[in-house]
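First chain A sits with chain B, and in the next complex the same chain sits with chain C.
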Partner chain A sequence: MRYLLALLIFAVTLLFVAVGWVTSGGLARAEIRSASTPTEAVQALLADVQSHNWDRAYARLANNKDIDRSAFERDLSGSYRSLRTYSSLEGFDVWPIHAASEQAVVRANLHWSTAVGPIDDVRDLKVEHQGSSWKVDWPSPNLPKVPPQVIPVNYLRWDVINRGPEDDWGEQNVDTPQVRIISMNPVERPDRLIILGEIVNEDTVPAYVNVNATLLDQHNAPMSQEGSFDKISHTLLPKQVSPYRIDFPGIKLKQIKSVRMDAKAMLVPASADPVIEVSGQRMNTDALGKKVLSGELLNESGQPVNIAQTLAVFYDSNGRVIWVSDGYIDQALLPQTPVHFAVDLPDDVAAKVQNYHVTVNHYSSGNS
Partner chain B sequence: MDQRDTSFFRRPIPPAAIVLIALVVHAPLLIMQLPTTTTYDANFHIFFASHYAHHWFNPWNEQWFAGFSQTTYPPLGHQWIAILSFIFGLNMAYMLVQLIGVVLLPVGVFRFARLWVSERAASYAALLSVFLGTVAFLVYSAGQLSTTVSAPFYLLALPYFYEWLRWGRGRALAKGVVLTLVAASIHHVTLLFGAILFAAPVLMLAWMDRRAERDGGGLAVLGRAAVFTALSAIGVAIVLLPYWISILQHPIEQVPIPHASRSNFLLNVDYGMNYFIVPYGALILALPFIVIRGASVPRLRPLLIFFWIAFIFGLGGTTPLPRLLLGRAFQILTFERFTLLAALLALPIVGLLVEELLDRAPKLASIGVSIAAIATFALALGWMYFSPFKTIGGMNVDSVVSFLNRDGHDKYRYITLGFGNALPKVSTYTTANSVDGEYNSARLLPEMTQYGAAQLTSAKFFGRAGMESLRAMLKHANRYGLKYIFVHDAYYDPLLAFAGWRKIETFDNGLVTVWSKEDVPPARKIESDAIPAPWEGLLWGILPIGCSFFAILLWLLVPDRVRSLEIVPSSTPAEVPTYAREAH
Partner chain C sequence: MRHTFVFFILLLLSELSLTGARAADLHPPKQVTAGNGFSIATTGNGDATFYLVGPSDRAKQTVRLGNAIEVAADDVRTAGRYIATVCGSDGCASSAFYVVAAAPAQLSFLVHPSRVPVSAKDAISAVAFVFDKFHNLVLQPVKVDFNVAVKDAPAISRSLPTNNGVAWIRLNATRKGGPAQVVASIGSISEHRVVQQVASDACNLRIKATRKGNSVAVETETVRDCSGNPVPDGTVVTFTATDAKGKTTVDAPIKRGTARVQMRLTGGATISVASGVAMGNEVRIGGTP
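Presenting the complex of A and B:
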């Protein structure tokens, strides 16, 4: 009788631990690892990618004889300090698209946490039945070999000499470059009000710009202030135009009387390098059924661009800016190597689009 | 006299010797200021103390979160550091207060254990408390000053609680209540759970002992417990009134922030190591004995049951029980502190184990127990270096502080990125204010409360939630006058570059870069309804510290009439007499 309590405590503790293991996903994890269905095979692979267990992930590939392990790892963990190298796979959704006895196609929506914010990546993966389990047929990374060549460097560059190292940037008592907001269009969406437009640098020197908008209510009192943040090209070369977009979550158009726009510009050193060509632009529909503007980027310079951001501006038949959207490219732009891009836009806006223009912002480590 | 009583191995260890050992073990580590470089929270406590050192009666601190109230955290530990800092400096004052905690702990354990076991077993329990892995973990890795300083005060209060319950002595009531108020003024969470996990078994013990003496009066015990509870509750309500006001005005409703101690330790080996193996160490080997002996001896059963509850809570999300019992609070609490509570509750029974081992094989047992205790302590210290979880509290932030304090840069707010727990160190020594901060419960800015991430400086470790929160804050830089960003992790560079910040300076051979945005206006005061009223500041500055002075006065002027409670359990479980008698 005196050991009854001890036995009870041992038993209840074990029971709680077992229940905890099941409810925390221990059982599900064990099932997924068995890869007994196509979906589980993809889940198991992505779980290994998530935990950076590259050896085990590689072992789960049906075609690991045809794909180099380091190329597989580079495909998922990035290279050349691309955005993918600043990313971690935070989660994924997996669902079957097509299944047969020996082959299946599984769609995976990968949720990446990156240095510039969350990014989702949809992939359709072929899965094969091998032995008692399913394995993923990973698409072979296709990295074109660029022939050796000389790239002449003849771009324009503007340098600025500071008065002294103790002065803050922008406090050099020099005239600010002349910039002008050339268009502004408020657009109401179900969950927000968006101010869209374009800004031009009218000066002969580069300008570093930020656009802010203040909403004024019916009594001309400020309601809310937001900035363009990363929906603009901050560095504008002489005569260059940039779209901008400013979001006001939770605000309706009828709540405001007017908008006060404010463009701040600073003289900064800048260069025209690297030159990134945008080609093959077309409107189409992606795998999830969303309208997108897609195309290719080509880095025409001789140095890699680590992270690129595409900024697309859409015009209606009157030439009015009706939408601005952006997207980050998760792989580096290597010299002379085309890279695919796509930015999405709402279906109702897509129906009105007559024209569009894409600009590219870039970040190269060591050159910020 | 029987040789059994005179052998070195069969006599209690004098408490003074145990205190000396605690000093020998912990004082060098604290004099080296180890916690400032190895812990997560030491810099946070020093930052809070620094505010009290400069603004004793004004708990509104504008240096974090564009303004927050320090009445959201009990102040006593920080106020002691603030007072001592005028003599020793902030860092050493922190070490001294922490040293008081670790030296009082064996004293508290000894007095608590005496309620349950013989003086000899209690002395072993006290000695082992010096080497507890969980104490080393909390002091040198977690930096949980408040938990480790308030727990000894609860332990010291418990014998008075028992004395009041058993014999109704007024002086015991006064001392018990005052020590409870001191403990509560140091840490609120320890108050809440300590009251249940420590006081409840003592209440059951007093009730059992009283019934065993056949003097009836079980109801008297319950009545006295009600009086003690009522006085303590009223006292805590008054002493920490500004805390209750702030918590009622702004209950914690922010999106839960993930914490590793809430994980299932079986599914993550590193977490299991960090929150189970390291804190318990060799105590794990004693678990079967604790359960079997605790269950066998009726008098130890209350202790066993509450040890088991604390143990299960210390397992975090490994079992569903804490989540079921705590509900939403499960997502707010961290669970490593329960390991300390479980270990303290287990120590009296472990003292019995050591006593029995020494009786059977004195030399072998003394060597074995010593090795186990030292190995446990060494593992906890060594884990700081082998652990995958690293802190950077020791980072040199002088250049950052110097930048902020010169040329009017403190007119603007700043954040740090990649500074981890070195952020409070910057805040302690700069005159500039930040929108970030390290105390999640005090945050009111929507950019921080709506995303389920903690500090902006560690945004990337919270994944999408963290980066979304950082983006939200950067978008509102102009609103908060957030002009300067100090980066100690190039991970954040791309976001800043795309968002319109420019790198303006580099410190420490490129380890730290400074980014600025030119169109940001100077910071203005952010209006808040959380600013405490002046009278709250007055109460906050007087009552908690007053309690501690009153406790010291009581200790000096009103000596214990009962020197110790002699409870005489034999080493044979079935024959443990369930009575206590006084020794005058």
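Presenting the complex of A and C:
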């Protein structure tokens, strides 16, 4: 009787382990690992990347003799405290683009979960038939390397000394910067109302800005309030212009009578460095058929920018702001090294775009 | 808490005795200057207790009715309404008097803003509050001299009387940038403030471009506002170039009066410049020879 109970517990435990393995996708993984098709080969590779099993992922590469293992790992897990280093592969979609008996091209849409929200990364991967299975021919990681050099940087820096607590109330203080909203345009989308526009720092000192909007209903009562959050360049140098975007999900334009805008500014220490060039800006269509504005960012300073965010403002033929979109760059901007970027916009908006302007928010470790 | 309770009881007693029967009587002066000791004449006989309750002072002493009560200078430092009460064996008597501020001894000077664009009308506000040495607002009219001095420009002086302790003036910013020294004074007492008069928006923003191989060096002329003041370093100038590859933009800060960038441009390009809401000229540059 005693042995029977022990055997029963053992059998139940085995059953639970088996159920857990199946429900966690064990069957699917086992199928993927066999890599009998190009799609399964890519799925197997990405499943290993997802579980941070870099050795097995590296072993699945058709060209692993040509790729350094650490470079492969850095290509997918990031470096220089970039946004990718604060990300994990949440999931992926894989579908074949082209297939032949020995070679195939598979498109993978990698869904990264990052510190600033989800980011999709679309890659077309070559897959080769080697022996009895398919293996991925991983593109050689083009990791930038900055040669040792000295880059003199002598841009301005603003420091602020405010009135101290022991000073008399009549003692002079430094005023907050003067900022002005230079345009505001409400745009209705099927699922939301969006307030778009631009703000300028009119002062001669840097400003930390934030724009809030309050929607007023037909009786002039506040019905909803939102802020621009990260859809704005918060630190504005003198005479710098930033787009802003405030989303009101689930609200229609006909529900509101007016909008109360509120621009708040604070005097903050800031640096005029780094300067980032945005070159090769073009409107085109990406691999998924979406309209995008793409280009390259070039960090002209000597300090790496760990996380960069592009903010693009789009104007119609009357110079009115009709859309603002943003995108985070998942790799660090190393000095003098171009990095590609793309921000998408709705097709119906893209048809009306006459002009656009891209600004870059930057975050460097040790700086704000 | 206990002190507050005692204060209210005293106040109540005082107010009641002001309207009630008077066994003894007090004759304080109608008005006393803060920080000056004085005497209160009394009538009646015998020993009594004297209470003095003011806005932030209170005092208690045993007195003899019929003699003058000496109030120390330290007991009347705060301006406002005081109630003097004397309580003897046959009841209490009270009388109210006012303590007014002493001679002006301090100025609190508020100047706003700390930065102002040149040529701005009525942009500088200077407000002076006159206090005595005990921080009482001096309500009697006093003449305050305002003086504004800007380098290489004639000084502006005006004398204005205070109204309820406050004198104020509004000033135009001059056409020339730089610090403006704003001074308020009463006799030998003076307070200094500095207002930075800063350049306004860029005016006649002009660039020149020079091709250097696959890149183009673009530089502004010295950036000035419409009054000819140099726009401060750090002000952002946006360069925009359009070539066959698309559009290139760079936000570059002014450094030593000019802003310059190196743009990677191939072929012919059109380059324009702007700073804030001020637009500059546009130049066209040919392709690589």
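Worth a mention:
Assume the second predicted complex is superposed on the first by the 323 of 368 C-alpha atoms of A that agree within 3 Å, B and C clash if a C-alpha of one lies under 4 Å from a C-alpha of the other, contacts with A are read in each partner's own complex, and residues count from 1 in each chain.
Rule of thumb we're sticking to: a residue touches a chain if its C-beta (ideal position, glycine included) is under 8 Å from a C-beta of that chain, and two chains touch if they have at least 3 such contacts.
Computed from a predicted model, the values in this text were never measured in an experiment.
By the document's definition of touching, neither partner reaches A:D55: not chain B, not chain C. By the touch criterion defined above, A:K239 lies against chain C but remains apart from chain B after alignment on the C-alpha atoms of chain A. Between chain B and chain C, B touches the greater number of residues of chain A. Legend: residue contacts after superposition of the two complexes on their common chain; A:D159 is shown touching neither chain B nor chain C. In the superposition on chain A, contact is made by A:E202 with chain C only, not with chain B. In the overlay built on the shared chain, the residue A:R282 is in contact with chain C alone; chain B does not reach it. Counting contacts by the rule stated earlier, residues 168-170 of chain A appear in both its interface with chain B and its interface with chain C. Note for the complex: chain B touches chain A at residues 263-264, 266-267, 291-292, 294-296, 301, 304, 308, 312, 315, 317-321, 407, 460, 463-464, 466-468, 471, 474-479, 490-500, 502-504, 516-519, 573-574.
Chain C meets chain A in the complex at residues 107-115, 129, 191, 193-194, 196, 198-199, 201-202, 231-238, 240, 245-253, 255, 261-264, 275-278. For chain A in complex with chain B, the residues that touch the partner chain are 2-6, 9-10, 13, 16-17, 19-21, 23-26, 29, 83, 86, 88, 90, 111, 113-118, 166, 168-170, 208, 210, 212, 225-230, 232, 234, 264, 266, 268, 306-307, 309, 361, 363, 365, 368. Listed in rising order, the residues of chain A touching chain C in the complex are 154-156, 158, 168-170, 172-175, 182, 200-206, 237-241, 272, 275-282, 295, 298, 300, 356-359.
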